[in-house]
């Protein structure tokens, strides 16, 4: 039996999965990257191996994607991000044909072939305004957990309007809104609205087909997903582990290279 | 991450003749410096697709090209100070990078009493006696020279007219002829304007000779384009961007013609012997519009990593398709010949645009034709901050190619002046993912029973 | 719409419900054409009793759909206009008149016609210079435009109908200039915001209705006593402003807008069309030579000073007769033609002793707030 | 005669109380969300410092981002005018002022004590104090340490992105590549100085040049800017208060220009209440 590890070393989180040659997912681990890719990659993989009851020596290959890959040792086979997310999503949801992956840095929309390959893709210009990063910033300002954002926004009556796209100023503007007495709910809803609009435009360009799947940290944000569904006019499915698609894809593609 | 190392990547080029092309760059530079020393009349000219060049040259004006100078300053990394100067002069930094480079240089020229400042890149540009602007394709190309009045005070500016009708309007009865006749009238005005300025009379025989020579060169340059339809592709964009200089700026120069003969022979030889420009051609890709001059080696890498051959590119800088005989035959007035040549260049693909029911006819229609002729698998689109008008139609080109011909496109932003915009690693990963996309669309084309 | 509303109230209502008025007119069986910028000769439309509607953007609507066809580096006004077009704002057009005014308008017109189909579609090419042959060429293009219109209307434009349309529009120009007269007093009898709403209103009405509205407004305004307080008097030069939120922001920052040299201001209205024997001659001359957008290359004077003077002398007159204290050079980001001109205009006005504030803005109501401090500071600057 | 100027910036609130000739009391505190209502507290503290009663203030001028809704101010003036006045009072020879605040940076041109031109950048956080706060957080460096540390750099790192969010990212990358913190900081400062310089150049930089705002407290930024400009700048003893000082000076003029009963009328309208900070218009 072969064992393969897949890593997704992102700017915010590092994820690792272990799969065997039958492509069954044995274990995974997720932890903050906190600025040191090499260390994070090492820790997250070790933890995953530990959970799977395996050791580094058992691995016949390691696939890796994400911002941090260029800094890892050659032992980690660099695999293209988009391909990984597409394959990983296909693994979790075979019916997926459109993938909306919103990471910490940017948003990516992919059209997928039935085999889970990238049929077409559009990647947002590097703008924090359309990325998950901003949600963390705002959550910090409002001191709520990122997890709560979804349900809070659902309560909004009158979503706030922001006068800037710059993530940094959005933060301070949110502060002003708080001071002004704008309810948290409206601030969050307003933010969700602008992010959803930005991403929806990308989705529409690809003329999406069902099933439409959303992954990445903010896929856990029900409020944002709901708003996205409204914007693109169709329902969105979210896999149980929306953070893992990159790592899984990396493992699967690496596995192919072994066989 | 050493920026220099990562950010600029020279291209190896696949044609031996392409490596010779640098000679013409030097020839232009030296020619300008010599003309300045001899105190000959210098004209600053936009690229006018030959509309103004022959006429000015025939009257003894030595033309230099500020657009070209902008590219030069950028490639030797000397543009920054000029850009900053233009900035501090109050010109929005959203304006064309070539223009801001030129405005900054002109300011430094004025501040130095019109003596070219020490250490100006490539010997600098001498104060012109005239500026030849063009409204074709881009507003910057006449507004920029107009605003140079701030620094060049009394230097006259002539703006060449060239109609830009919509596709439907182009085919309205008689419109095309009216367009051409307008250009002819304008060229007559232009000639008398220059005759007054130079106190010379136009030698029309000389002009005709230059034209004959130029037509030969342009025809040959076009035939090289035709050879490139072969599979595997005998030459690639990296080569074209070197060999385009002579036909764009010096088509009337016999040396240019001789050069293209050598290029033609080399390419022909490769076609006949099925020698591809790159070892294992897997994907045939088009490129629009201006390349990242500082990193053309990027495309060598694409060839090496993914087997991508850049088969055709940069429509605006190609020699035009030959004009039908009934249009050009029997015309003796050199001004009318020039008018028809330049007008044709911008309109040459209007029939394609009509066929595909899309607009505009320039820029994007060419790629719809080429995708078929060159059996293209994809398009790499390269939006530029410094040349926005050339960028305006890129996304439309991509949309139309996908919709009408099932040829996908990928957008890799960069710039021709600001080297920092082009992130080469991002470029690679985008193209890497694009490979899967091209595979997918190949399938779609097969299902649709298309030719390639 | 409330049919009893008159004058300012009516203008206000039409402004507030963009498109609603035109849609109603269409219900009454009239044909409605959209046109880009102030270069297409709308007299030809009026001559066929077609209602011309000026295509504008919406500073209040985030740009989304346009992102797929027009790159972000493009003039944001054009992107916005196209964006709301894609969103159905202009789905009632019976025709679309694009124009080669500037690169942005031209490319947008082309791509517009790829996506937003209307029964009649014409793209008007406009030469870049004012050379005589350019005027002739432009006249030829207008003749093609006329022919296409007649084809789609199934009737030809009678010379007398065209003459009438021209004089009606000339009358409209005269009425608008009368309104400008009413802004000469200090404080002006009409705010810049009111003016903007009126102009946008009439740019979406038949010329007859528009003239009626203008006459009502003039009647109301004439009899006004100082409706607003004295403030520093501001002239606006440059890219157009098509949202009252912007003018309100300026006028609540210690400034009164007294005149605006923009495409929704003096430019379309300042000069009459000379009624020539061949009416189209006068039309061509007017639009090419007298609509003063920097998109047209006016070659004049043998040196910088002379050239500036003959190109911008009219600004000196505006400043003199409207007692202008300062100038706001407004540049919508990525507007090249105004971008290249701005430093030159600034030179010229500064030499006249007029303070100039040049602002590049993103054509978005949400990004306006941050400009308030600049306008207040500018008011303080020219106040001190 | 006593007057006060209060400058409610986006990040820091400053107050100056002065008489005809000298500054009697200054208070500087963070503005931050929950602090905004403390502008009242700040005023009270400032009065206590020089034990004056609120009533003894003849005139109060508010300036800065939050000037609009200060209920106890008699007059609002923009920070641009106030900075100019404050600096001119301190250094009459200054022709150009570079103010790098928490959320924007400005250039102001002064001629014979009058402001002739100005420019402002607030589209993005680059070139503002906020930029360095964010970067400081990431690199675990205190704001006030950034300057000194950066001066230790021999080889400033090359920073390609000025967008705070991505510069932050880039800083992290450089770190994990093993680039030293001082080189990263020096690189960031260089890039920001270039950005600020390019902006201020638009109004033509003329001697003497003064630098104010939080940025003036960042020695690294000051040095980097001076390198760009080509000569040293003058720095106020407390670069943060020039705005409030200018406001106080204007308050003084107003007070002198008004008759006693007019002043009394003003005072009666005045309410020593919390700042209802936000400018409603900008919410639209």
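Each chain gets a letter, A, B, C and D, in the order it is written, and its residues are counted from 1.
One rule holds for everything that comes next: a residue touches a chain if its C-beta (ideal position, glycine included) is under 8 Å from a C-beta of that chain, and two chains touch if they have at least 3 such contacts.
Model, not experiment: these values are computed from the prediction.
Common neighbours of subunit C and subunit D under the contact definition above: A, B. Common neighbours of subunit A and subunit B, by the contact definition above: C, D.
The most distant chain from subunit B, with centres taken as the mean of CA atoms, is D.
Sorting all chain pairs by how many C-beta pairs they have in contact places B-C at the top. Separating the centre of subunit A from that of subunit C, both taken as means of CA atoms, is a distance of 46 Å. Inter-chain centre distance (subunit A to subunit D, centres taken as mean C-alpha positions): 39 Å. Rounded to whole angstrom units, the spacing between the C-alpha centres of subunit B and subunit C is 35.
In subunit B, the residues that touch at least two other chains are 90. For subunit D, the set of residues that touch two or more other chains comprises 122-123, 173, 177, 282-284.
Multi-chain contact residues of subunit C (touching two or more other chains): 68, 367, 369-370.
Chain contacts in this assembly form a complete graph, since each chain touches every other chain. By the touch rule above, subunit C contacts subunit A in their complex via residues 62, 64-65, 67-68, 72, 366-370. In the complex of the two chains, the subunit D residues touching subunit B come out as 158, 160, 173-174, 177, 198, 201-202, 204. For subunit C in complex with subunit B, the touching residues are 68-71, 73-74, 98, 100, 102-104, 106-107, 109-111, 113-114, 121-123, 125, 127-129, 131, 133-134, 136-137, 140-141, 144, 147-148, 294-295, 297, 299, 302-304, 307-308, 331, 333-334, 336-337, 339-344, 346-347, 358, 360. Across the complex, subunit A is touched by residues 402, 408, 413, 425, 429-430, 432-434, 436-437, 439-441 of subunit B. Every residue of subunit C that touches subunit D in the complex is listed here, in rising order: 245, 249, 252, 355, 362, 365, 367, 369-370, 372-374, 376-377, 380-381, 384.
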